[in-house]
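Both of the next two complexes hold chain A, though its partner changes from chain B to chain C.
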Partner chain A sequence: MTEFEDQDGIVVVRIGTERLDAAAAPAFKKALQENITDQPHLVILDVSSVQFLDSTGLGVFVSLLKMMGVPGVIGIVGAQAAVRRLLQITQLDRIFRLFDNISDATAALRSS
Partner chain B sequence: MPPRPCAPPEATITVAAKLEEVRRLTDCVRAFAEAHDSGQDALIDLELAVAEAANNIVIHGYDGTPGEITLHLARQPEGLRIELLDSGAPIPAAVFDHTSPAPDGAESGRGMAIIFACVDELAYESADGINRLKLLKRQP
Partner chain C sequence: MVLQPHEHLQQEKELLPFIASNYAGGSGFYLTRIKASPDRLFTEIGALTDDEEEVGLSVLVADDDALLGDYLCMALESLGCAAELVGDGQLALRLLREKHFDVLITDWMMPEMDGMELVRRVRLDREEYLHVILMTATGRDQAVRTALEAGVDDFLHKPFQDIQIELGINAARRVVQLQRRLEQHNRRLTAAHEQIRDAYRLLKEDLAAAAEMQQSLLPGNKLDGPLRQASTFIPSLDIGGDALGVLQVEGGRFLFFNFDVSGHGVPAALNSFALHSRMTRLAPSRPEDLVEAAQILNEDLLSQGSDAYMTAAIGLAEADGTRLWLLRAGHPMPVLVPTASPARFLEQGGLPLGMLPGVRHEVCEMVLDPGDRLLIYSDGVIEEGLGEAGLLEAVEDQRQSELSVMIGALERRLLDLREGRPPQDDVSMLSLEAGPRANV
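Right, the complex of A and B next:
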């Protein structure tokens, strides 16, 4: 279950699944396509529930960046060790900014 | 660190070649590695390597046709040895050149580089219709 919330222009996406893998990624991508429709510039992905992420799930994060307005910025909140490891291996931790909580992410993205 | 007294030295599981079944493989490698006192970092790498390898087998090897994937795990003195066996299309040799991270904007194509990053040794052979991906994660 993925939840969407607009916080004064920043879209917060709360990913409810524990495992965002190749089996779950298509439904997640569909939810994004149905709910991210007006090309927001700032999105926060709350992944605090996600215990496992594979490259297919990560690929949906990249596709989200393409759905957003240019220049789009994605902040990732609550990344557990497995998520951080994948971002580090793929070097996408240079693209997606990591934060401990939504208030930190909101403040940083607004000032970016 | 020696393995726990009751930890099995080997384990094998076979699943249908479906993305929904990959979790059974990663659950198996996690349980096996935990039984052999692998650290948290190693558990993450092993689970990720097996998931990426199995995804590739399902998507590219079998490409929608029915099949099976067998995962064989063994604790040996040098570390945990992992074999993934399948009878789908073999991995083209050129794929093993993709060991560096994919371009930032790519939505796919990162699997093999991730596997390389997560293990210490990788070997691949295909003979008599069976493909074997052999991985080693060193462990003291």
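Right, the complex of A and C next:
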């Protein structure tokens, strides 16, 4: 279950699944494609429910970035240790900005 | 007396209480329908469709009273059935074993073998469906229960009327019809099941052949000389998205690489085969060529237009084992095991390939002393249980072992941690070691 909310131009995506893997990724990607249509510049992914993220799930984050096009920025909120570690190993923590909570993320993304 | 369907329906409505009591013991279905709506009952199940009318039943009648038996057979024939009469249970049993009947109508009291015993034997004997009707003069509850337990489907109460026979045969016809349809469905299902099983077997064979091809691409162990190597590969399914390679390139240097293509199974494996082959043809032989090769693979993957990407560790080693160059693209951090200091991770690296255009990776250079080791591996090694700290510890434990023994021990430790569960992600490892220097 993925929820979408528009907070004054920033799209906040709350990912409901605990395992974002090859089984869950297609539905997640479809939800993104259906709900994120007009190339927003700023998207926040709330991953606080996600305990496991694999290469397929990570691939969907990247396809979201491609959907947004340049100069899209994605903030990731509430990454648990395993998710954070995967982002570090793949160096994607340089592409996605990590935040502890949504208000930090919205403030930082707005001022960027 | 032969009634036309419409006439007898009208009469049956008047017999409603009888029908209800007659079928209550055998089938809740009839009783429920009768309670719900008598009119609907007759429109839905009372009238026979054209299809059902064609079902000619073969009926075996077992009765020691030849006169009554003959009368019953005639009544059955007038209802479109083929009827045969035998005088006792033994004969009936023998005939039932010899040929097919849809319905058995048997008297209870008979010499040699009575009707109840006949029904019990028949139920033990036969696998195919047989509709059994017991003729009886008694309507006592206990007798009816005994008959039901023996396997009787329906009763014909003596002295019986034609309408009763017709009613019983209509019920039998519907059940036999359903039974035939069920058998037909089962035959189709069995055929479909066999087809699926064959297809599955072919698929398994294809996968096994592909897995064999994938295994044949793996670099073998080389445990002597100035540059040594050992590796292992455990796919999560029959084939996987990891690739390992070691090959000699221009200038005598060795190109080595470990890829992990996103996803699992056949799609990941196909991509992995293609990228393995691409890398082998690119055959970079200088550090700057490594950077270019990574850029080419990055663009290749991006041009697929899918979500596919891969993490990779790609390196070059001098044939004399003195020097090594390494490029890491989103891959887990390689482990360096110097003879003179503790094992450590090499942190330098960049993004996976196939995610974003225009990415440029850096190459790190290392000078090796004899005995120094390098380990590259896919994230399955970490994710499937060892963890980063566990990996360093395991590598330290095996520092004195031969290279292939170290790889074997890492693999075993990983599988032990999984307690026999196959890994959910591909696991691949490649280790290189500088051998003793040749005397100059």
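Side notes on the structure shown:
In this text, the second predicted complex is superposed on the first by the 111 of 112 C-alpha atoms of A that agree within 3 Å, B and C clash if a C-alpha of one lies under 4 Å from a C-alpha of the other, contacts with A are read in each partner's own complex, and residues count from 1 in each chain.
Methods note: a contact is a pair of C-beta atoms (placed from the backbone, for glycine too) under 8 Å apart; a residue touches a chain by one contact, two chains touch by 3 or more.
Quantities reported herein were computed from a predicted structural model and do not represent experimental measurements.
Bringing the complexes onto one copy of chain A puts chain B in a clash with chain C. For chain A, the partner with contacts to more residues, out of chain B and chain C, is B.
Residue contacts after overlaying the shared chain place A:Pro40 against neither chain B nor chain C.
Contacts of A:Leu58 after superposition on the shared chain: both chain B and chain C are touched.
Of the two partner chains, chain B is the only one touched by A:Ala23; chain C is not.
Legend: residue contacts after superposition of the two complexes on their common chain; A:Ile95 is shown touching both chain B and chain C.
On chain A, the surface patch touched by chain B in one complex and by chain C in the other comprises residues 22, 54-56, 58-60, 62-63, 65, 86, 89-92, 94-95. Chain A contributes residues 19, 21-23, 52, 54-56, 58-60, 62-63, 65-66, 81-82, 85-86, 89-92, 94-95 to its touches with chain B in the complex. Residues 19-20, 22-23, 26, 40-41, 44-45, 47-48, 51-52, 55, 58-59, 101-102, 104-108, 110-111, 113-114, 117-118 of chain B touch chain A in their complex. For chain C in complex with chain A, the residues that touch the partner chain are 260, 262-264, 307-309, 311, 330-333, 349-352, 355-356, 379, 383, 425. Residues of chain A touching chain C in their complex: 22, 29, 54-56, 58-60, 62-63, 65, 86, 89-92, 94-95.
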